[in-house]
């Protein structure tokens, strides 16, 4: 057993007493760490965190868990003590609704909700509601700032660090690489903009995993969804910085807080030649509700109705004001061809439509589905009639199963682009091929520890703060990431300048400060260095004002 | 028994096998003394950097891993798991398999049909996939890996032992024992069992080998005990960290060690096979 | 006619076995912590969507009901839809299965051709140094973990020498018209070489050693002596009398090995990124794609059992002494 | 005409710890038409001798001295290939336990045909025709040629082997215990058939057995082997009626008979000598009731008699010894 | 001798059937009934030895095993000293075990290769709780071993079977059979695996042991000339039935059944001047799975009549104590 505890007795201060009531001992923390197989970074980092917590006098039972069980028991059922995950910084999270509302509003604290920590703070809730429903950008911004401060103080689920992502591409063959926020070179904009330097206009994209499912109504993974975005069009797209830009829509007209009128392009055709009309737009939203598409569900639930109000206009009516409607709903819902899906619906029924592989996927986007040999190759070709033409002729996407194969593929010139993050050893390897260039981009998401405020000792804000201060952020970055990372203190990335609050409290690694925090709250240690609750202990869930 | 031992002593392959095995057993026993470092401890240079991927040197006999851990220490400590898994599974497999084989073969009839039916079903279970699922269900851990190995591999020995018993059962010395009034239990365990010992020993040895191999395979697939250093896991970590083309000192030792230890099992098994099958012995 | 009856009987047993296998696996999956939906929880499925997904997968029903439904569908040859691929499991698996079969059968073919030759050679030179060295070598290749051998071969032939591809089944950008077109292409062959050799090395020991043992036994038989007495030249004695008979158990083991190899294919497939069945099962288990994993397990189990059956029948037909029943 | 002349043949086996002399200075002469019975206890070297004759010793066995002359050809000096060509064509050997001598995976007919094709270079068709004739000869149904050995009973297998041994009309057939595993009725059927067939083309035979009765019924000559040596050799009637060597005398007594009065059976106490140790003098001395000091000395005296010879230094007293040997008490010195 | 003793063992219409898997034309086995013994009536008096002869596979060993309770009979009765033992429970079986013992054919097979001789001999004593302690049992075992002619017994007690010759092992087997002091002993082909020169010794030992202990004995052999030397009465068995039964010498002088006739005729004779008669009966015994209709011997019988093909003959007493089962004497037609 290598997780040998290296407990030192806490340095001789007055808190050390010998006659402590065993009942007062702080309960052991069951800390779930992801398996090495699933993610070596989380695994190694987790072990380091556990070690560090032990030094504070906490008893830590570090257990490795498979993602499936961790997510079912922790993310979903909230039966954890603490566990560590990485939240992805997708473009639709640039509007921090997910970070600030979904993850911390008290309404999301029940099973299945994203308030995994169980953070319940009425003050915060009020701010969150303001943030969600007020369509005024500035009001939302100031609420967001305040919320970030509260979170930094109460640390229900502290962010720890994030990666400095590095994507590789072959600069001898391509130029104009345009990484997008949160997705790097897997972004739609990159596929639109990347420009061949040679006559070979086929882009060989190497990824680790294969596409799984191309059914927009049922797909779940990012790899699938963002590939679908090349085949299908939404009404608006989020640009490289995550800001909404018009796409199928030519005009957005906010009639009132809950009514939006949208005009769409009239020159778009589906890949089978049928024109894309407002019928299709209305159909998409109605249909997603009708068949209960789990993928669309979260987006369309705010919509009360969609009506065709003109040759090229539709009007959305919402149940209540929903600020991120444009950025998060309209950008995520891909418009489906009615003629295909209604026919499929007739043949297969609601369930059948959702379990359909939808091959060949027919959309209206800049790329057309060509062929797919699972686990071997997936190919898209360019839509020649599209209103904005990509510079490349085709994308061939190869799943390499392991990063190592991918890296070798890059070196060998088989792969010309990949969104897989290049680790130090990979960089060393690809350096063999001078044609390989690296684009650096900060990750919008970060590694987070989810405490569970429903259980001790995480129900006490001082314990949480102390534990947070015991996270050796920099050491992890140095040792595990070989320097390729940044400490984070807010869930919102600092590159997301509009929403980011740089002035929040930073509980960085400082064991002494952590001890102080506990001491001040009355925590005590015995002569073996084990931590005990204060006498007549009263839980303080959030930082008192 | 003495007889077996004598024959074993004459068998070169058996002796080589036994020597290799004993070597690893000794390493396992004295692992704590032999390992210069804690195998999971990250080693730093004096000036603070992590000792990443150092090639072998006096300080680190087999070099270091990407995370700066001492490979020699990992190898030494890893021996423990290998030997432990090997020995425990082998003993369990041989014990279960032999007893089931003995009972099925001796009593025949419905007992045999049921037991052999179970064995038949077991034969339909592909080992590695089953082990993967089982370990997922029970969670990673050496004991679960052993369980998976034992649950599957007893089938092999029980079939062969049964066949052996069937032929022994009709040998006249068994009938003579029956005529002496010996009970079934006595016949089974005093007369028949000692005669299947060489065959059982084949299975002890080969199950040990296959258990070690299985453990390393499971670990290589990332499902081994995450809190224990094992050879398979060293290889897995190496493979995963993408250093396998760069750091031969990291790839080679675990593979060689697995090969040798597994080899020792098969070599001993082979020796027992020659003992059990005189046709192979006298030439 | 009688054979048909026998096969029918055996098939019934096969089905019972499979039924038990499926049931075991079905139950095992239901007790694994984690469910297929929470796998994707971080990609933005809120609680309601999760419910919908569970319902879609039929996981909202009580387990006994799920079991009955699964079994019912199974009898119709329907293994359900993969959660991950959204496609019918049978469709996904049969493709992977073919890939696995191509690899395993090729490697077994190599292993057995070489193994039989070597084994009989060693037996013929029994007690010599060659025999000892050969036997130990055969043992060694069998004891080296496949995944390790694979890693080493990859390092040498693909990485250092760059003679062969680093993995996968085909190169990027190849356009094949069909399965056979692919299988017979040079590109495919290049990809096949390393994994096939790796697992052939591993599987070679069994036929080699078995052949050697079997030959050693046969050589002692009286009919070999008689063959010599008959004035049959040594070569013919060896080939016609000794090898032919000694081969019987080896041929049987071929079928058994094939079953084993398919079950163990995951290792080679992982190292060489071969898009086969073994890798699929690992993915399916870790992503809790129950129907997929169950299906894959069933396929492998079925293959194992069928290969065993083939072994039995084959043996009975090759060895006139043996009968079935 | 002398068909086979074995001259002072010695054969040794290499053991892991030493040597074993299974045949020691054995001489034999066989005229064409002779049927020689080679009798002796288990392990006395009978099989080794006959295998030595056709050069089929196991890999650890070696002829260390002597010659085997077959029709003026020294067999043990022949090249491997020419020896091979002689086998079965001129000398066929029915190995011990012929029951297992048929290859289980080939049809019986094919196995007979094989030898015909190999030596006579004929086609499969004519070889099979010949096989059919042979089956007729040994009294087997032609149809059974298509069967596999396991479908034959022991007696039938034995007949098939005999048919095979006759396939090329060899000048000499060596049959190593051809009937040991068979029932008396079948045994008598087979022996009689063989005898008649050999007479049919005046072939010779060496019949190896441990059963004196069989020799008495079948052979014209007999060689009694003990501990690697032929202790007595001669015409059947001569040797069995008036044995010269004490071992032959004892052996004769040990055989029960249905004819005549019920007689006490006599056994020879003790066990045969261990051939892996060097033995001085007479090998039978240990068990011989007439042993004297000189028997254990160095020399072995060969006494030639009409058509034969024997080794016993008390050859002068043979009449008296024979008389004493008839009495059961003589042999009951020990248990 | 018969009249003064009581019947120690008696069988009444004893049958034993096995179900066996028989291969048919295809590759598939089917299950058939094999009538190994098909209604035999036997008895043995105290102090008397019955010889059982017959060809291989006729059911001799099966008879022995059924008599000893190793196989349960399919039907019929076995009376041991007047008590029916056909259907005993476990503990009754154990006490029966003490009374009936057997010496097996193959001395190489009948001793546990992993037991020293003393263990082999002491085990039955231990099981039945005879002797107070180990030492006493050791003494008992040593004594019987000495009586079996293995002296010095101490030395043999410590040996393993593979360290002994066949004859010595057979003596151990006899000692083991007698160590429990049974009343009834069966010897199944006790000498057929042994060399001729030592057979007589074993047979003599058996005979004297049976006589000394006044046991009822059954000696099984396929060699009628051997039976002559050990048994008082002889039963001739053919395909599961006893076809003739009489005082041994009487049977040898005058046999009524054509099968007995053939068996005796075929027995080889150590006298070279008395040669085989011509082949009397054809072929080999059929398989016990397909027993011929009527008289089961009729297909091979030289004197076969029409009735023989259809009607099974009944056992008749043709002379005093001489039973035969043949239509030649049975007055054709009654039943």
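To keep things simple, chains are lettered A, B, C, D and E as they appear, and every chain counts its residues starting from 1.
Criterion: a residue touches a chain if its C-beta (ideal position, glycine included) is under 8 Å from a C-beta of that chain, and two chains touch if they have at least 3 such contacts.
As the structure is a computational prediction, the values presented were derived from the model and not from experiment.
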### Message
Please report the minimal path length, in steps, between chain B and chain E on the chain touch graph.
### Response
1
#### Entry: Selected pair, greater C-beta contact count between C-D and C-E
C-D
### Message
Can you compute the centre-to-centre distance for chain A and chain E, using the mean CA position of each chain? Integer Å is fine.
### Response
89
### Query
Could you state the distance in Å from the CA-based centre of chain A to that of chain B?
44
### Euclidean distance of C-alpha centroids - chain A vs chain C, Å
40
### Message
How many angstrom lie between the centres of chain A and chain D, each centre taken as the mean Cα position?
### Response
93
### Per-residue overlap in chain C, given as positions that touch at least 2 other chains
32-33, 159, 270, 286
#### Entry: Where chain B touches two or more other chains at once, by residue number
136, 221, 239, 244-245, 283
### Touching residues on chain D, where the partner in the complex is chain E
41-42, 153-156, 183-189, 191-192, 210-217, 236-237, 240-241, 250-252, 254-259, 262, 265-269, 271-272, 335
### Task
Give every residue of chain B touching chain A within the complex, in rising order.
38-42, 50, 52, 66-68, 136, 140, 221-223, 226-229, 233, 236-237, 239-246
## Note on the structure
Per the touch rule above, chain C residues touching chain B in the complex are 13-14, 17-18, 20-21, 25, 28-29, 31-33, 126-127, 132, 135-136, 139-140, 142-149, 151-152, 154-155, 159-160, 209, 213, 216-217, 220, 259-260, 262-264, 266-267, 270-271, 278, 281-282, 285-286, 293, 296-297, 300-302, 304-305, 308
## Note on the structure
Contacts from chain E onto chain B in the complex sit at residues 65, 68, 70, 93-94, 97-98, 100-102, 104-106, 109-114, 123-124, 127-128, 173, 176-177, 180
## Note on the structure
Within their complex, chain B touches chain C through residues 12-13, 16, 120-121, 123-130, 132-134, 136-137, 139, 209, 213, 216-217, 220-221, 232, 235, 239, 244-245, 248, 251-252, 254-255, 258-260, 262-263, 266-267, 270, 273, 277, 279-280, 283
